[in-house]
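Down below are the structures I want you to see.
The two complexes that follow have subunit A in common; it is paired with subunit B in the first and with subunit C in the second.
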Partner chain A sequence: MQKNFIQQLHPLTKFFFALFVSASVLIIPGFIFSFLVFPMLLLIAVAAGVAKEFFGTVMKALLFLLIIVFFMQLFFYPGDHLIGQWGIFKWTEEGLNYGLTLTSRILAMGSVFILFFCLTEVRDFVKSLEDAGLPPMGAYVVLSTLQIIPEMRRQANTIMDAQKTRGVETEGSMLTRARAFIPTLTPLILSSISSTEERAITLESRAFSAPTKKTSLHKLTKSTADRILPFIYLIILLGMVLWRILT
Partner chain B sequence: MEDTYMNSIIEMKNVSYRYPVSDDWIIKNASFTIEKGKFTAIIGNNGSGKTTLCNIIRGFIPHFYKGVLEGDVIVDDKKIIEYQLGQLGEKIGYVFQNPFIQVSGVKDTVFEEVAYGLENLGVEENEIIDRVNEILQLVKIEHLREKHPMGLSGGQRQRVALASIIVMNPDILVIDEPTSQLDPIGTEHVFDIIRLMKEKGKTIILVEHKMDLIAEYADNLIVLNEGEIVLQGPTREVFADPRYGDCNIQYPHVTEVALKLQKNGVNLKYVPIRNEELPESISWASVGESVYD
Partner chain C sequence: MKRSFKDDFNMMSMLLIPIGVAVNIVGFQIANVLRLPIFLDTIGTILIGVVAGPWVALLAGLITNLINGIFNPTYFPYAITSMAIGLGVGYLAKGGMFKNIPKTIISGIVITFIAVIVSAPITVLVFGGATGSTGSLLTATFLASGQKIWSAVFASSFIFEIADKVVSVLIVYFIVRKMSDRYLSKMNYGTLYMKRESNN
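For the complex of A and B:
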């Protein structure tokens, strides 16, 4: 896939952007600005060519949460200015305001981090952290987890098949399938633990703990934009804080 | 003999080993010397302790696996206990048996997978690329270079595992059944690579069950039986030793045939271990008299 300008930015630049947006929605009061963040992020996503993926993930991950949070605040936030009532539920102006503020912030912060992961490959991000001083052990843990998950899924299917040949019922009603889950889980966990040992030996035979500084074929470059953008974020943030203090 | 002793690179003196929480000694009082630049094959039946012996040579015992290790293991004039595990990675390459776990799990292509060991050793980037390209060519897995290591077949993984180790250019190679998942052509090929490594002056320790190939390539043999070294020495002498027959381990096919012939009265000038030796090893004068008896 050809990478465009936004995707080519250094992972840390994108990460700082996510932090910047999160901080700014906390600084600016009210919900109007925070709600405006999402359409802006959507525009960025469109420009970067990940709009579909971004929008889909936000809907799946956040929509339900937002609805729940909004109604919880609306009904249960203490306040005096009653706007409406339905049975035992009553809602107040304070509740409405707070609900909107909270949801707008969750939406802004949640979607900016979702956008970050849409734009950044995890291995690039981990590499940038490693460049910034994360020990290789930590980087390994993060990266291997990503690869191990599909591997474990494959393993789980194999175990499931093996149990099927031994007569464990794995198909049918919800209850049957739930019951079949337990005899699958134990071997899966045990085999994962035992493969950890072998994995450790594999790494050792590749000189993982060699007492030298590692090199890497995977290189990240910093463009001019990557050097300037973090400062721009910082200046805008400072401006916002000043504006809050002065007004 | 004194000369070769001077060149010993691995030496074991009365080594015994017991895994944690086990009462049985897996290796019993093993002593041997492996000479520098020689190709030594460790053979024995399943469960005779071959892999454990490899782990001892590589230092995973006692550095990784606990348990009780008695006796001295000396690699390059230094006791194995005095090494740090990380230091041994550069010195001894270990390709182990199960090809399915021998992937780092953090790399997305075979090329990067093979390069991983060099990255860990801190080799400069351009050199890594050159060396990996060279090894991919040598092991004939160039066509796999952009494939995902987790998506390979057993035989392909076995070759990738071998490549990942020899690219690090260790002085000693410990290879545990590298051909268990390979077809005959792939097997020949792996042995070709091993021979090439030997020509480069590497010391090779190989665990293998394919006796015909061992007879062709190995200089020395160590025969293990239930944790004890029952025979050791030059390949030809070990196969010719009558005690070898008692161990219940397979002979090279041609040796088996020759010994059967001998039993039936055919005199042998010597015990053949390679196919092409069979005709000349038989004392044809004796055949005429005995064959119709």
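For the complex of A and C:
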């Protein structure tokens, strides 16, 4: 993808940013700061050109959850200051407060990680972890998992179709549908497992587990911004902690 | 044969992890397509726990939640639950609790307890008691009838988890029984399930 300044930052810089934002909404009390985080993240997303993807994912992943969380706290959080009632539902000031605080924190923390993954390719992130000490096998496990998932989904559909032609019913009562699960899953698992043997041999024949240092074709670079920003995060965070302790 | 912690992580076991994680994710999607009321999102973790041991399963559980979390960060906190399930299954399997159907069902119940005890605090402390899944409806009902948050979450989690986990462990039991001896011999803990007489 065409990379602009923000996307070109080292993955760890962006990851530390996510951690920094998450820590800060936990340190600052109340919900105003936390709610402000989201529009700020949206601005960053626009600047980096991923606004549509970012906003779409946040809506899909978080919106329903946030509504449920808010109303659960509003109605059921233990409190004494009743501010409203409708039929059997009553809401309290404590519930409203807690609801807003919790919702804003979940929104902030959830969306900053969504933003991180919009701005960073998993490949780059895993490479940065490897540079930091993750064993190559760990990197391989994560990357191959991401590759296998769509492959396995396709296979699952194929197997489900194949079983349908053999008379397995996938529609009807719940028991009928449940009976379709094992004939779909079993061939899927067994065939996937038998392919791991082949994969193991392939990796071994390429000296994957040789205990020597490996050079990489894919390199990550650190710019000056990448060196300075983590310290800025830390300083701001310490400032927040001090502010909290002193007031 | 006594196995050390490091022995568990050989090439074959590590290569099972992507499969286990993918099975967790795809299993959940198949259950959705068939509109079944249970999640079936831990079959991979349980399978790995049975044949490759507790620590590999722990890793598989962790990675499942990390990858799910890429698309929806609300899964990140529940990584602890997946890890606990993997660990639990592994140790139960090592103790021979997956060798026949009655023992497997008992394992399923134990796993349910593990899952509920680890996930309920996360649901209450991180999400205030509800995450929008079907369990939340039950939790809300319990709360509306006067229960406090912890007992409501524990009760609704238990009801949903027990069906899911017992079914999942039984599925894994049947799949492991269908695995050939040749394949089981390559797995660290496969000897427990081989059909031919072993020297254990």
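In this text, the second predicted complex is superposed on the first by the 228 of 247 C-alpha atoms of A that agree within 3 Å, B and C clash if a C-alpha of one lies under 4 Å from a C-alpha of the other, contacts with A are read in each partner's own complex, and residues count from 1 in each chain.
Please note the rule applied: contacts are C-beta pairs under 8 Å (C-beta built on N, C-alpha and C of every residue); 3 or more make two chains touch, one makes a residue touch a chain.
These numbers were taken from a predicted model, which means no experiment stands behind them.
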{"item": "Contacts of A:Asp80 with subunit B and subunit C, given as first, second, both or neither", "value": "neither"}
{"item": "Greater subunit A contact set [subunit C / subunit B]", "value": "C"}
{"item": "First, second, both or neither for A:Ala200, with subunit B first and subunit C second", "value": "both"}
{"item": "Partner chain(s) touched by A:Ile148 [first = subunit B, second = subunit C, both, neither]", "value": "both"}
{"item": "Touching partner for A:Thr215 - first (subunit B), second (subunit C), both, neither", "value": "first"}
{"item": "Partner chain in contact with A:Ala180 - subunit B first, subunit C second, else both or neither", "value": "second"}
{"item": "Shared subunit A contacts, counted only where both subunit B and subunit C touch the same residue", "value": "140, 144, 147-148, 151, 199-200, 203-204, 208-209"}
{"item": "Sites on subunit A touched by subunit C in the complex", "value": "57, 61-62, 64-65, 67-69, 72-73, 75-78, 88, 98-99, 102, 106, 109-110, 113-114, 117, 122, 137, 140-142, 144-149, 151-153, 156, 160, 170, 174, 177-178, 180-182, 184-186, 188-190, 192-194, 196-197, 199-200, 203-204, 208-209"}
{"item": "Parts of subunit A lying in touch with subunit B, wherever the complex brings them together", "value": "123, 140, 143-144, 147-148, 150-151, 195, 198-219"}
{"item": "Complex contacts: residues of subunit B adjacent to subunit A", "value": "58, 60, 64, 84-87, 89-90, 93-96, 98, 101-106, 108, 112, 115-125, 128-129, 150, 164-165, 168"}
{"item": "Touch list for subunit C against partner subunit A, complex", "value": "11-12, 14-19, 21-23, 25-27, 29-31, 33-37, 40, 43, 47, 59, 63, 66-67, 69-74, 76, 126-132, 136, 139-140, 143-144, 148-149, 171, 174-175, 178-179, 183, 186"}
